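Think of it as A, B, C and D in the order they're written, each chain with its own count starting at 1.
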Amino acid sequence: MGEATREELLISVLANMLAEDRHVAVGAASPIPGAAALLAKAEKAERKQGRMQVSIIHSRRHNPFTDGARELFDVAARGMIDSFFLGGVQIDGQANINLVGIGDYPSMKKRFPGSFGSALMYYVVPKVVLFREEHSPRTLVEKVDFISAPGTSAPGVHRPGGPHALVTNRCLMDFDRQRARFSLRSVHPGETVDSIREATGFAFDADDVAETPAPDAARLARIRQEIAPQILQFYPEFAGRVWGLAA
Amino acid sequence: MTDVDHISVEEIAEAVTDGCLMGVPADYSGVPMAVTRALIQRGARDLQLYCLPLTTMQGDMLIGAGCVAGVEAAAVTLGEYGLAPSFSRAVQTGSIQMQDSTCPALHTQLQAVEKGVPFMPLRGLIGSDIEAHRPDWRTIPNPFSNEEDPIVLLPARPLDVAVFHAPYADAKGNVFIGRQRELATLTHASRQTFVTVEKIVDGDLFEKEATAAGALPAFYVSAIAEAPNGAWPLGLTDVYPPDADELRRYAAAARSPDGFADYLAGQGLSVRTAA
Amino acid sequence: MTDVDHISVEEIAEAVTDGCLMGVPADYSGVPMAVTRALIQRGARDLQLYCLPLTTMQGDMLIGAGCVAGVEAAAVTLGEYGLAPSFSRAVQTGSIQMQDSTCPALHTQLQAVEKGVPFMPLRGLIGSDIEAHRPDWRTIPNPFSNEEDPIVLLPARPLDVAVFHAPYADAKGNVFIGRQRELATLTHASRQTFVTVEKIVDGDLFEKEATAAGALPAFYVSAIAEAPNGAWPLGLTDVYPPDADELRRYAAAARSPDGFADYLAGQGLSVRTAA
Amino acid sequence: MGEATREELLISVLANMLAEDRHVAVGAASPIPGAAALLAKAEKAERKQGRMQVSIIHSRRHNPFTDGARELFDVAARGMIDSFFLGGVQIDGQANINLVGIGDYPSMKKRFPGSFGSALMYYVVPKVVLFREEHSPRTLVEKVDFISAPGTSAPGVHRPGGPHALVTNRCLMDFDRQRARFSLRSVHPGETVDSIREATGFAFDADDVAETPAPDAARLARIRQEIAPQILQFYPEFAGRVWGLAA
């Protein structure tokens, strides 16, 4: 079967966070979160712990919405989406995320697409997983240049949701909403607490740091045999690159 | 008898007048690329794009061609083909006014128009830099709460015109939109709505409840143009996929102003020279 | 594998617990009359009916049978068959609490739930006696207007349960609602939704955009029961018309409490005796 | 061809008010307004003055809405419905309408169905025609027992719409929104200003009162040959009674 690839490790890490969910939503162009959600759903079904709705907006087949493009946001605002994934051009130590660009707003030095749905989703989805593969001082910064959505809110602001964890190519961090601070939970194979510190532009805690566990053989087999063919249907480029599959 | 006028793609481009506030659909909703080319052809200028909630190649081309004065959107991007180069340049040089929003806010401001109310509330937003740059939004204390509970009210944003592309219309002018119901809200929120379709089919979508469910009623539609392949090179759900090669070609070409101009020239179009 | 549990009509009636706030569809949306009879059978009590936006025989029967404590509606009527006799009696004797509303307000208060906001504005209302009797509504000055412009805010009204009847569900539990999109809002606004259907069909409504457009996705549905003719004696759009003779019979019988009791007895049911 | 029946006269009177409309909506159980709207649409088309959308909620065929039961109200709130019809258990001299019941609210002496959509429609539809066949001191009262929707609103209240006219079995009255007062415009055959005063529970003006014109031969022929068969489809009982048609 061979070792888990980097992508398979990330799929496994993300799937762990979704194990108990009833509804996981995945935005556009997110093959790794999409695969993680489908994996978590399959494992939950096997454990006979009930159904999991996986809504992948990018995929006609896995997009269950019939009330137009606003329905995802409506469902989320009602608290009915358990987990969602957000990225960021920049993410800072308070878990503020920036999807708009680098430099001074509005002209910016480098403009990126924009905030998408983050300025609602980050507030209302109980478990938002920040997922950014590139882990560098350029992406993980002291303070973002533009707050697409803040990591925490003032008392009194309706904020049932927020950041749960940050997953990168190098590690997994938890986020403590009370203290507005990240805590290194596990480093991926080849990384150390020091290498993470070096690659990170913000301060974080680092007690009880483990190595990120690779998926066991059963899970790895499931990813390759059961999940990969599904991913092929709507992320053909990704499935080709990671698993050598062709549509 | 049809209940809706049939006009040409070029006539639609004429009806989208310079300076108007134009509703623009996302890539999954049916993007009117034939009309987009006709707008560039006629040298449209000062368009204000209201994106529901984002735009891809349509917005980037219109911006690059010099047709756009402002954009309100949750994102402008070529998606898997990368950043939107003309957009990024235009923001960086300040040649367009960018009003950053977030998907649900763009939906909500049209829902308020749809419902005939001056505003609608939305959760989230508070403490973001989006909100900080939107003096047109108002935060009030939730009047139904006894505790501190600020909530943002978004004003209704009526559009001058909406244009989208759909698989087909029936003989009466009812348009099949399927489950892209954001197109119904877009239409309800616009003074005029023009639709291009792959084809006009016989019959009446309202004859059966099963087909009526996916219909936008003809009485909302200002005029229809037949435009086979009218979303190309973008795709049209269940009809044809995006033309990945062409999109890649565009993404590469648009990286420089010259490359963009060459791409337009390849389609018999040119960048509008400044007034 | 189905994504939704299949249960019986009687199990749905059990799941609609005494005292709950129950969403009730209009006569054109698919009225769950089989479940209504099962509720009377099990002696349901203290139901609060939230009508979207009106009720006909369903509400009148539940009221007459003693199952109802309160009604919020824009109308309770037997339509062309006359006034709703049990309802009129119950209001006049004070045995139910009637909360008068108006159609768009009933839609709006569920839209607010749907959207996850604490309230939504609505025009009209001001100066009516409906508004005068609704201390739960709030009038505020429109914060976007520089002139005097009062507007009513309606609070979100989350429902405990909704029950409706539909033509069919597919093998996965997706329910065909066609263009009765108020059933989608009703479902979105309810903690639990139970659906009775004429039949379960093979296939998947989401396989084609044309059929997906009329579908309520399975993940919203708590459970489904097959109930052929489940709206009888009311009709089901495109499936069967109302049974006019039966409705006339009911309208005549319900004019007196004895006649109503006889009508119930004819269906093996009886009026709940007071606790 | 014969004389116009009472119903045909009313259809004709109502149709006159709709001649220029672009969108007329008709609520449930309103065969006469429904027929009037279809007549006005046919005549407008013949005059080549453009299209008229007639939305008859009661009729599957003439109900064009696909956004659920709220769509009629949304369209109206946007000012896109030109004319609508409302009735009333009671209508008073200030054009307040009562659809709720007789006596003291809430228990009332006689309870009627309820206010339906009137508490929005009456405010936002520019031309609301009050249509109540029974014309008696019992229906047309000094002051309604319950205001389902008021005839006029205080300055500052958003009120682009409101009462345009009152049509009964006996007469046609205009309503002056500034003065909040009805004015008798025409009496139907067999009625006089005095007979109307006697049958009316509220005071009204009566200058320039004409006799309500009967539909001319062409219009009457159109009603019977073109409109009646359409009405038969969704108001079979009415079409049977008035025109002897059977489905």
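By definition in this document, contacts are C-beta pairs under 8 Å (C-beta built on N, C-alpha and C of every residue); 3 or more make two chains touch, one makes a residue touch a chain.
What you are looking at is a predicted structure, and each value in this text was computed from that prediction instead of being measured.
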item	value
Minimum number of chain-to-chain contact steps, subunit A to subunit D	2
Result of counting contacting C-beta pairs for A-C and A-B, higher pair	A-B
Distance from subunit D to subunit C - Cα centre to Cα centre, in angstrom	29
Separation of mean Cα positions, subunit C and subunit A [Å, integer]	40
Between subunit C and subunit B, distance of the C-alpha-averaged centres to the nearest whole Å	37
Where subunit A touches two or more other chains at once, by residue number	60, 65-67, 74, 77, 124
Multi-chain contact sites of subunit B, meaning residues that touch two or more partners	108, 115-117, 122-123, 149, 151, 179, 181, 184, 209, 212-215, 237-238
Pairwise chain contacts, counting only pairs that touch as defined	A-B, A-C, B-C, B-D, C-D
Subunit D to subunit B touching residues, read off their complex	23, 51, 53, 60-61, 64-67, 74-79, 124
Complex contacts: residues of subunit B adjacent to subunit A	26, 28-29, 52-54, 73-77, 79-80, 83-84, 87-88, 91-94, 98, 100-105, 107-108, 111, 122-133, 147-151, 179-185, 237-238
For the subunit C and subunit B complex, residues of the former touching the latter	108, 115-123, 138, 140, 142-145, 149, 151, 153, 155, 176-179, 208-215, 237-238
Sites on subunit B touched by subunit D in the complex	3, 113-117, 181, 184, 188, 206, 209, 212-219
Touching residues on subunit A, where the partner in the complex is subunit B	28-29, 60, 65-70, 73-74, 77, 99-101, 105-124, 146-150, 153-158, 237
